[in-house]
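Look at the two complexes coming up: subunit A is in both, with subunit B in one and subunit C in the other.
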Partner chain A sequence: MKLSWLIGALAVVAVALFVVLAWMYILPMDLRDRSPVQPIAFSHKVHAGTNGIQCLFCHSSASKSPVASIPAVAECRACHLFIAPDAPEIKKLMGYWDRKEPIPWVRVYSLPDFVYFPHMMHVRAGLGCARCHGVVATMDRITRSVKLKMGWCLDCHRKHKASIDCWTCHI
Partner chain B sequence: MEKMTSPYRWGMVVDLDRCTGCGACVVACQAENNVGICGKREIAEGRDMHWLRIERFWVGEYPNVRVRFLPVLCQHCHDAPCEPVCPVYASYHNPEGLNGQVYNRCVGTRYCGNNCPYAVRVFNFYSHEWPKPLDNQLSPDITVRPRGVMEKCTFCIQRIRRAREDAEGEGRKIRDGEVQPACAQTCPTEALVFGNLADPRSRAARLSRSPRGFRLLEHLGTHPSITYLKGGGREHV
Partner chain C sequence: MKRRTFLQLGTMTAAASWLSGCRSANEKLIPYLTPPDEGVTPGMAVYYASSCRFCPAGCGILVRVSEGRAKKIEGNPAHPLNRGKLCARGQAVVQELYHPDRVTQPLKRSGPRGSGQFTRISWEEGLALLTEQLGKLQRERATDRLALVTPPLRGTLAELAAGFMRSFGSPRHLSYELLGPDWLRTAARRSFGQPSLPYYDIAETRYLLSFGADFVEYHLSPVQYGFAFGRMRQGRDTVRGHFTYVGGRMSLTAASADRWMAARPGSEGMLALGIARLILAESLFDAGSLTANGLRADDLLRRLEAYDLDRVAHLSGLRQDVIAEVAREFATTRPALAMAGEPVAFQTNGPDAVRAVQLLNVLVGNLNRPGGIYPDAGETTGPEDSFAELLSLVDRMLGDRISVVMVHGDPVHAVPPATGFQEALARVPFIASFSSLLDDTALQADLVLPDHAALESWGDVIPLAGTREPVIGLMQPVVTPLYDTRQFPEVLMATARGLGGTMAAAFPYQSYLEMLKSSIKKRVGPAGGGDFEVVWVDLLRQGGLFKANNGQGKSLRWAAGATLPDPGEPRFAGDEKQFPLHLQVYPSTAFLDGRGAPLPWLQQLPDPMTTVVWDSWVELNPETAVWLGISFGDLVEVTSPQGSLRLPAVIYPGIRPDTVAIPLGQGHHGGGRYAKGRGANPLALVALMGINREPQPAWNATMVRVTRISEKGELVTAGNPQGSYRSELIEI
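What follows is the complex of A and B.
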């Protein structure tokens, strides 16, 4: 009787230990919302898909700077003064313009502070935006399609003979 | 795996005959590299953060006293004592001859700092804060190091990175003088010269061959990337 209790307790401890170790092995867990609600229901499907606007038309810094940049409210407004100015979401956009506020977009892709990621080097290397960001042209609301883990970066860097020196990204 | 090679071997020349000990390099380094701001308590404990310091020596007897200055920064040794002691390979040697510190790998054993004969590695004993308007001057290109992480001079790797990105965009190599760390840029007497030692015609490489040159603690065999120049002018100390 006593012995079976002991064995049972040991089994429970072993299973608990296994679960904890397995959980630690898959860390860091990506618990943030993969598709957060944005302040304006901006549809990439309409802009990039139906209308075929190039990514770099709005995210123009991606080819020349480390950050891809979000277009200024003025750039959205420049088109939408003439395109569907009466739609409710466009009214919201114009509200931000009138109040002289930036639109509080919610960040979907973010990297830790110890990672330096230059967009321009990847655009210059001819890497398509969809390689990391998924097929944005089919998404109404942006959904994070990849886990930004170091092993995933290194796989691609090795395959394309890009630098895998630590200081390439961790500076 | 194939060996990683590079056309660059970064190095520096410090002309002690030119150095006036003004400390501009120390301030520039602090401002450029998000180095923590330390208060009275940390300095009293000897835990102040400097990637670059100026050593001061008094030479001679009373009426004829002269002061000597020696800027000491990471020597980026080619046989670095800090590298083999790191248990997690956070301190490593990069193909460009730089001695790297990977902050996200560092677990804070401080072996590297204790093994460094130049005492240029500094440890974040506390989490440093940048009071409100000062946080705007933090560089976004480099990590803000948290508590428990060892850090040190990187030869302003973020500037080297940026210069290489520009050069690669134009399909050429980095030109001599195109990149210089904050300390060299700010030095009013141009005592600090940074450059590619693998290019024998670069200014730093030419100066490093000067007969006035010596290395810091040369007898330890660490083979530093920094050459000090001393002995010109009126006297030899």
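What follows is the complex of A and C.
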């Protein structure tokens, strides 16, 4: 009697362990990498969705530089001196400004150093930002929506008849 | 430790290492606090044209600047001197800007001299200190007690420094550099009646005969000549120029030659005359050229009678048939070109040896001809005997007749101690240095007023002996100054303003930039036309003022009444029995005379012949090494009548058995963390030699002996990368 209980319990534990491990194996468990907590709970949904601000308004280099750029702290502050200055997150923003500290945003999309990815070429080719970055306008916190693997780049390059020469990206 | 504690600690370590794996791998995205100025696009580089002032060659450079930071230096393709090429030293200049040991603000000495103890002061305080010292001299009517020591300056800065000293009333401006081409100017004055530097048309020549001129490494304008050498070899369809090198040590230049003639040190001038005599005797000379230069072949032959083949072969230690073959090749291939270099010039018979080589050019008729020699189009004036001026300044300092010395550069490291300069400088009551690193000179200074780095400075750079067309390169700041430093000319002008009176009136400019612009405006002349601001911006964009060759009438001609060169036998410091080996000190490919040593890229640059990094070494012929019982990498002691040094030995077949060679450049007491205490400075071995009691810069006329100390030379080479306790540094 007691032995069968013990065997049953062990079996349950083993199955549970197996399920948990399998789940961890299948699911992308890098939640913190894909959707990291930012120092300020900045909402793209409010800015780009509700208020309809264009992407290039803040990420102004995307059309003319390899990097999209993020706005300077002073630029955030310029608007928020007047918009919702009392909200707790805005107070955090002003705190950074008062301490003359840049906000340590956590990077969500990054490519290895051996890949040359120019934003401006893709923006000028008329590719929407959402193609790679997902529908940012619906996200409170940015979540990486694609796997940045070479096959994924190549698929799109093939579809658009863009160059797939090695030297295009690996220069 | 108890078993329980051990297990606890073990578990904690394991848990900690497991947890750290959970940390997000994401990088941070750091925004600007305030948006950058107009014209800066994050991620996009801007290129500025400027000029390199690292060595006097003065190449044009393009600096890549990204987000307001200088990232990379390359040659400027529009510059007529280097045409887009640049040497390793020029590439490394970016490290001068970011050097971690830069002097970030004025310093006042607080400990004893050389201790490196300084207190930080403000610019107002620093300038007041200097002005007070100079004002005191003015009040005492002893203005000639001020000395200014700089490398040879050119262009607007030379004008400013001269104006400063003139209006102050002191004639003691010493423009000295160990490798300065004074000897070429003197030789040209004596041979051609004008002190111009030569421009060698290597690209078009068919037979190049170099007497120790290492033009690939450092001689005059190495980038320009390196490029021209490539064209001489491969730039023409049917001709591959031939190159013969004469010299006791195989330099990188010699290694590029078709024939290496390892002549005995000091015999090169006599060898040149031997070749000249053979050319005359066999009537292979250019008769037209001799007539044009007012020389007569039979007369010359008679006066060169002493240099017969037998004697010259004996003196130079070369085979007679080889000398004769080279003489015939040189005379029968047109155009042919002979150059003389520093190893020849820095002997007791150097001045005449250089002229003997010039005579060869006259004999084969290549003056002012393609593939021959032209006068250089740069500044015609320059120091001709700055070494004598150096010695007279030393005398004055020893006699306590100098109260204030202002020094730009690092003469404490780069002047041989045999001149007594260091000792004399120590007697001067007040020394102001303008170094941007605490180099050997700044360590002795009472006041350090740090100069900008080159990439933060304005200026004009007139290339030394590298072009036939007049060229003025412009330097412009490519980044905002990193620290609280000021440009040397600005400091001179501020001091003049502080002294007031006639001194202030001598500089009616608000800034050095204004002075520079007005001096360039004068150079451009009315040809520029219209608005000078537009012309100025255009010049900056281009990198300088490059005039097309206007074929002006300057040319070389053997001066009437010029004596025939008579090198005579060289003399050496040191008894032959006690000191059996010749010492050759040569500028290092990476550091030149030592100015490159603070830059880690140059420290890590393997010497092209021996692959040594981060160190000094002495080169020994394998025969000599066997005779002395020395093997590769041993620590040896090199002793001369002047002093002794310990450094590792490199067994090097490319050197005469009776010669050892040590590169210049290392052995700094200061100069930042990468240069300090590294290697040895061979200038400490060099003795002062003179003719008729008149000392001359015969740096290669010292004899030494070498003894083995131990097997631990700690030498790091490509073949022996782990050979050093300094291996952690090799990763830089």
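Everything that follows uses one rule, which is that the second predicted complex is superposed on the first by the 139 of 171 C-alpha atoms of A that agree within 3 Å, B and C clash if a C-alpha of one lies under 4 Å from a C-alpha of the other, contacts with A are read in each partner's own complex, and residues count from 1 in each chain.
Simple rule for what comes next: contacts are C-beta pairs under 8 Å (C-beta built on N, C-alpha and C of every residue); 3 or more make two chains touch, one makes a residue touch a chain.
These numbers come from a predicted model, not from an experiment.
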Superposition on subunit A - do subunit B and subunit C clash or fit: clash
Which of subunit B and subunit C A:P36 touches, first, second, both or neither: second
Subunit B versus subunit C as contact partner of A:R124, first or second or both or neither: first
Between subunit B and subunit C, more extensive residue contact with subunit A: C
Subunit B versus subunit C as contact partner of A:C166, first or second or both or neither: first
Touching partner for A:P71 - first (subunit B), second (subunit C), both, neither: second
Touched partner set for A:R107, first subunit B, second subunit C, both or neither: second
Superposition clash, subunit B against subunit C - the stretch among 109-117, 145-153, 181-189 or 199-207 that is involved: 181-189
On subunit A, positions contacted by subunit B and by subunit C: 66
Subunit A residues within the subunit C interface of the complex: 32-33, 36, 61, 64-67, 69-75, 97, 100-108, 110
Complex contact set, residues of subunit A against subunit B: 66, 112-114, 116, 118, 120-121, 124, 163-167, 170-171
Subunit B residues within the subunit A interface of the complex: 4, 92, 94-95, 98, 100, 102-105, 141-144, 154, 157-158, 161, 165, 168-169
Complex interface listing, subunit C residues touching subunit A: 22, 24-36, 41-44
